[in-house]
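Taking it in order: structure first as structure tokens, then the write-up.
Each chain carries a letter (A, B, C and D) given by its place in the written order, and its residues are counted from 1.
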Amino acid sequence: MSGEQVGFWVVALAILGAGRQVVTSRNLVHTVLWLAVTLANTAVAFVMLEATFLAAVQVLLYTGGVLTLMLFGVMLTTRDTGFVDVRSPLHRGFAGGVLAAAVMALVSASILRTPLPEARVTAPTTEALGASFLTEHVLAFEALSLLLLSAVIGAVVIARRRDAGDPREERGPAIRPRAPRAAGGAVRLGAPEAE
Amino acid sequence: MGLTGYLLLAAALFSLGVFGVVTRRNAIGVLASVELMANAVNLNLVAFSRHHAGPTGQVFALFSIALTVAEVVVGLALVLLLFRAKGDVRIELASELKD
Amino acid sequence: MPFLESHLLGVIVAAPFLAALALLFVSPTRPGAIRAISLVGALVSLAGSVHVALGYDLARGGLQRAERYPLVPSLGIDLSLAVDGWSVSLLLLTGVIIVTGVLASWTLTDRPRDFFVLLLVLVAGVFGVFVCQDLFVFFLFYEIAVLPMYLLIGIWGSRGKVPAAGPFAFVWRRFDVGGREYAAMKLTLMLLVGSAAILVVILALYSAAGGSTFDLQALARARFPRELQLWAFPLLWLGFGSLAGVFPFHTWSPDGHAAAPTAVSMLHAGVLMKLGAFGVIRVGMLLLPEGASYWAPTVGGVAVINVLYGAICALTQRDLKYVIAYSSVSHMGVVMLGAATLTVDGWNGAIYQMFAHGMMTGLFFALVGLVYDRAHTRWVPSMGGFARQMPWVASFFVLAGLSSLGLPGLAGFVAEFLVFLGAWQSQHYVWALAGVLGAWVTAVYVLRVGRDIFFGEGPRSDEIHHLTDARRSEWGALWVLGACLVVFGSYPRLILDFIHVATLEYLPRAAGAASALLEASR
Amino acid sequence: MSPLYTALLCTFLPLAAALVLVLVSPLRRAGLAAGLFSVATALIAFGGAVTLLLERWSGAATPVRETVRWLPHAGLGGGAHARAVIELGVQIDGISATMLVVVTAVAACVQIFSLGYMAGEPKPDFGRYFTWQSLFLFSMNSLVVAPNLLQLFLGWELVGLVSYLLIGYWWSKPSAARAAMKAFWMTKLADMGLILALLVLFVDTGSFDWTVTTSAAGAVTLLLFFAVMGKSAQFPLHVWLPDAMEGPTPVSALLHAATMVAAGVFLVVRAFPLFEQAPTTGLVMAYVGAFTALFAAVIAVVQTDIKKVLAYSTCSQLGYMVAALGAGSQVGGFFHLTTHACFKALLFLAAGSIIHGVHSNELSHMGGLWSRMRVTSVAFLVGALALAGVPGLAGFFSKDLILEHVLERGLWAPLGALLVAAFLTAFYMGRVTLVALFGRPSAHAEHAHEGGVSLLAPLVVLAVPAAGVGWLGAKLSGLYAAPVHFHLSPVGMVATGLALAGLGLAYWMFGAPQGGGRLRAAFAPIGRLARSGAVNARFAWGYGVLGGVSSIFAWFDRYVIDGLMNGLGYATLALGARLRGLQTGRAQDYVYVLVAAMLGVGAYGAFWSR
């Protein structure tokens, strides 16, 4: 077993172990922290795949940015319950397990049945990456920046507190539970509006 | 280590994510599970890029990461909104899809 | 402008879209700007259509001005546009109808911006269907054209009253039969069910042709197996036919047209119903010639029912819009009848009937809208003697009526005559007889309803007063449509030559299959 | 100017006039100016028509025929259809030149007459009236110069349209609006025959020409004759004609006496080569025509409205023409058409002048007009005597020709009917003349007086041909057939005798002696029958049936077909309510199903589909 293979197994075990904690941990703060472990280990896997730039981005963006954000989220919303998630009913967990197993089975079966090139090619340099960004994929790049911008704006708009004067805000719910309404037309047909 | 190993690793990670998405009760938990799935996809992309050809795979992975970031941002905003509306973030509270 | 010249079809389709987009940035409180932008969008399309017609090389024929924008190359889906003779005529029709439709809704005050946005999106879809050469995109445009109708009728519609009776009276307790939401829903549901059938066939054709292209020309060369053709054609016929008002799927039409606001009725009866018939011919008969010739007698027989049944039903309607709606059902029957003859004259007549009926029914609905606007009722027995206050409206009503009953010199006659000629040539004598009889019944109800509204003694209801004649913008719409009826009726070759070129090219496929079928049966 | 351009001028100048009047509102609303404009174009058209006729008259001109393609057409298969074209154009020969002169002359007279007769109308209506008049002239001329049956049909429908518009001229009067509609319905019903005939002819021969030889001549001609029955008011499709008298009297003179109703006869004259191929149709025509001649004459006897008398008389005379054509006499039919146009237009215009003076249509409101309206009375008298068949006047010659031909063909029953009709014609015309002109003046007639010069000049002008056109028979028939020289035949003498007897009887009953009270009583039941409108009632009944059928259909559509659709929607909803239990509304459950479904599809695609 070469050193590289050993490294792979270690990283794989770390990723999967941490991932298991992410989906099962009761404490949400723990969940987020385990997620950080998973992502960091993925960054290690990236390094092993000689994608160093990506690994850096992964660590900076994910572990640095996103997880902090998620921690904020957890702190803000589950403060009262002690960061503890409600337990799922057993049948739900069982069904989820079956589904996950099925996904795993199908995907791995597909992978194993497909003849894959095992030999490595030269890893692209960061320079090549940058060049590719600004030439071949420049349109997608720009579109992405627009998307990020709109996501930020959208997030602000969605999460923004209503003005204090808004009476709806005083009562709490910003989205009032509306009267049962037709989602599709067929139902609406049955409830004639009085004219 | 060959491509197959990485792909299987990613598949396993993805399956974990699926499990989390359908079982977690807390919206942030669901979000974290989605991150796992996205991460699995990125792993795949990078692995393919290494064993196949050229920078395209990595480029896509980068795009994917950026997209995920955007998704997290919006997702968290929604979670906040949900919290403000219902006082809790259990995801079954958001059952407006039922008529 | 070379760009404009080489992307003209794209521009025609895009202009209403862009106008709709521009409207989104206009304040809803500025109706003047909204109208102006809509009119500009419509006029650009019309001007483009006229330019396409003038530039179409009749001697060369075939598809011209091909434009291709790849959409999903891996599935063989392209936004590929081109015109043949049929498209040229229908483009012109659509252009005229949307311009006059915008003019006719000039005075709309209820949420004009949303109204015009939907109207323009709808018409962009219609333009798209007529110039599109890719089956998938064809379907896409078809849906774009059909769906805004739901909102347009549901929001801006008016209601008629249909008292509960008959074996299904229990339904009335559940639905608001005759209401605008009911009408909108019914129309949308029926058309969507039709769309589902169409989609099934489209996918079947795609995979049967090798799963690499949706191109109409390529599919037409594909020679589908006979079994496929035999089951696929009736599905297409009924799917598209639900929009063309084929019996018994016509029942959305009276309610839908009656509930719809003026411009929407104009577009719907004037152009949208043609999409259905166009689909049957363009997709059904050209791609599935064997299926078409096998089913032609059925199609024609049902069309005969449409012609007579629609006309006879129109005879006793008391609601003005219902009269015109049933007349549309009847006249669309003439289109299907012409298509089913599988003869040159029949097809020429069918396409020309689309054109002529579009103009005529557009005029009709514009007038009905005017009358309704002034009298605030659509109940014919309460009207009478309106010609005193609205002489021009009366004159144009008679003109439209004369065209619908097939008076020579007006566009309707040419179409009907050709269709009857085709029917006689195809030796379906009963079809021709029924068609001629239908034209007579049309004369009976059209003249009677005209008399009941406009002639004789004054309004029979005391609630009707302050009638006024057409105003400026409405005036423009009436004159344009009226002039079209007269001009294209007295010199039909202006349009018919285009149609003829395309028919000559396409018909041999279908007719070849027909004669092969005849051989086989001997 | 070449004959072609002259003919085009005759046809399109009135169209241009009509268009100008439609589009230039100020001119139309100016009233008299519109009228003068229209009259001027009509006179120019008349001048053109006369030149055309004179060219034929001198014998130098050959027939002119020019056509243009109207519709593209390409028949499948070879044979006649490969070369088939659908075209319109102009054909000038003896028949069309004569007819053009008749039409334009009568039209010009009528328009001039209308200037005075309609002077009391509001100005815009006056303009509208002349717009329709110009449109009529265009339509009729395009029918007359038609080179084939298709164009004849186009003109045919257009004159029907103008007839509708002009009958309904006083549209605010419910009876006028109804009469206009009825006339259109009836003629349109008959026109179905014409359009079907066109289809049969074209599919059989690849042409709309009347000169072709066709194997389907029987069907074609019968269908054509059905159309003729409608347009030329043959029994039983004649019911619209008396109602059409709701229109202004000059309109009745032009459309419903002289020209438009004669279009049916003109059609047969034109398509005579086709009719010659179908002897059976000829027989049918002879019988129908003769019966109509008799039937309408009987009804005319008891009418009390002067216009109704003339209307039924028109029916009757058209019956004569149809019978003549059925008996195989193209010349007889067409010649009678020509003479009838002259004297019937004269009679109607004179009647119009009388109505203008008396302000009533009723015969009982007239009387003693001879002394008060001398010019009109003389004109009326000339027309009446010409119609009655008094020797030397126009009607005498043409009627004689017809009877001779019917006798020649051995059609005894039609001959008898026509002879009786000749007697009755003289009788009812005598009655009208005696009552209106020489009877005891009623209160209405006390103040009767002549109208202006525009009313009288057309009467004088028309009286000349009404009296004398008969003498031109040989020359006129020579324009398109072997010249027919007049000679008094035995049957003609019988007819003349009968006509004189009819006049005598009329004098005995309605003139100075005032005899025949018992005879009058004998006529009473006919009068009742005529007024009850038995035939009319049949059509009213038919209309009722149509309405009933329509009600049933409409109900069926609304409540069964549409009800079915509604029921379907209802059922779907009910089903939807059941299925709703499956919906939890939880996003996670949806994800679960989604992933499972994707797995299913993926598994199918990956493992089983190969």
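Throughout what follows, contacts are C-beta pairs under 8 Å (C-beta built on N, C-alpha and C of every residue); 3 or more make two chains touch, one makes a residue touch a chain.
Just so you know, these numbers come straight off a predicted model, no measurement behind them.
Colleague: Please indicate the chain closest to the centre of the assembly, with centres calculated from CA atoms only.
Modeller: C
Colleague: More C-beta pairs touching across which pair, A-B or A-D?
Modeller: Per the contact counts, A-B leads.
Colleague: Distance between chain B and chain C based on Cα centroids, please, to the nearest Å.
Modeller: 48
Colleague: Once you find the CA centre of chain A and the CA centre of chain B, what distance in Å lies between them?
Modeller: Computed value for the inter-centroid distance: 3 Å.
Colleague: Please work out the Cα centroid separation of chain A and chain D, and write it as a whole number of Å.
Modeller: 85
Colleague: Send over the residues of chain D in touch with two or more other chains.
Modeller: Only 569, 573, 592, 595 qualify.
Colleague: For chain A, which residues are shared contacts with two or more other chains?
Modeller: 95-96, 99, 103, 186-187, 189-190
Colleague: Pull out every residue in chain C that's touching 2 or more other chains.
Modeller: As it turns out, chain C has residues touching two or more other chains at 174-175, 189.
Colleague: How about chain B: which of its residues touch chain D in the complex?
Modeller: Those residues of chain B that touch chain D are 18, 21-23, 30, 91-92, 94-99.
Colleague: Using the touch definition from the top, list the residues of chain D that touch chain A in their complex.
Modeller: Touch residues, chain D against chain A: 569, 572-573, 576, 592, 595-596, 599, 602-603, 606-607.
Colleague: Quick check on the complex: what are the chain C residues that touch chain D?
Modeller: 162, 165-171, 174-175, 177, 186, 189-190, 248, 251-252, 254-255, 309, 312-317, 343-345, 348, 385, 387-388, 402, 405, 407-409, 413-414, 417-418, 420-421, 424-425, 432-433, 436-437, 439-441, 443-444, 447-448, 451, 454-457, 492-493, 496-497, 500, 504, 511
Colleague: How about chain A: which of its residues touch chain D in the complex?
Modeller: Those residues of chain A that touch chain D are 95-96, 99, 102-103, 106, 109-110, 113, 186-187, 189-190.
Colleague: Under the stated contact criterion, what part of chain A meets chain B in this complex?
Modeller: My answer: residues 4-5, 8, 12, 15-16, 19-20, 22-23, 28, 31-32, 35, 38-39, 42, 45-46, 48-51, 53-54, 57-58, 61-62, 65-66, 69-70, 72-74, 76-78, 85-88, 92-93, 95-97, 99-101, 103-104, 107-108, 111-112, 116-121, 123-124, 128-129, 132-133, 137, 140, 144, 147-148, 151-152, 154-156, 158-159, 161, 172-175, 180-183, 187.
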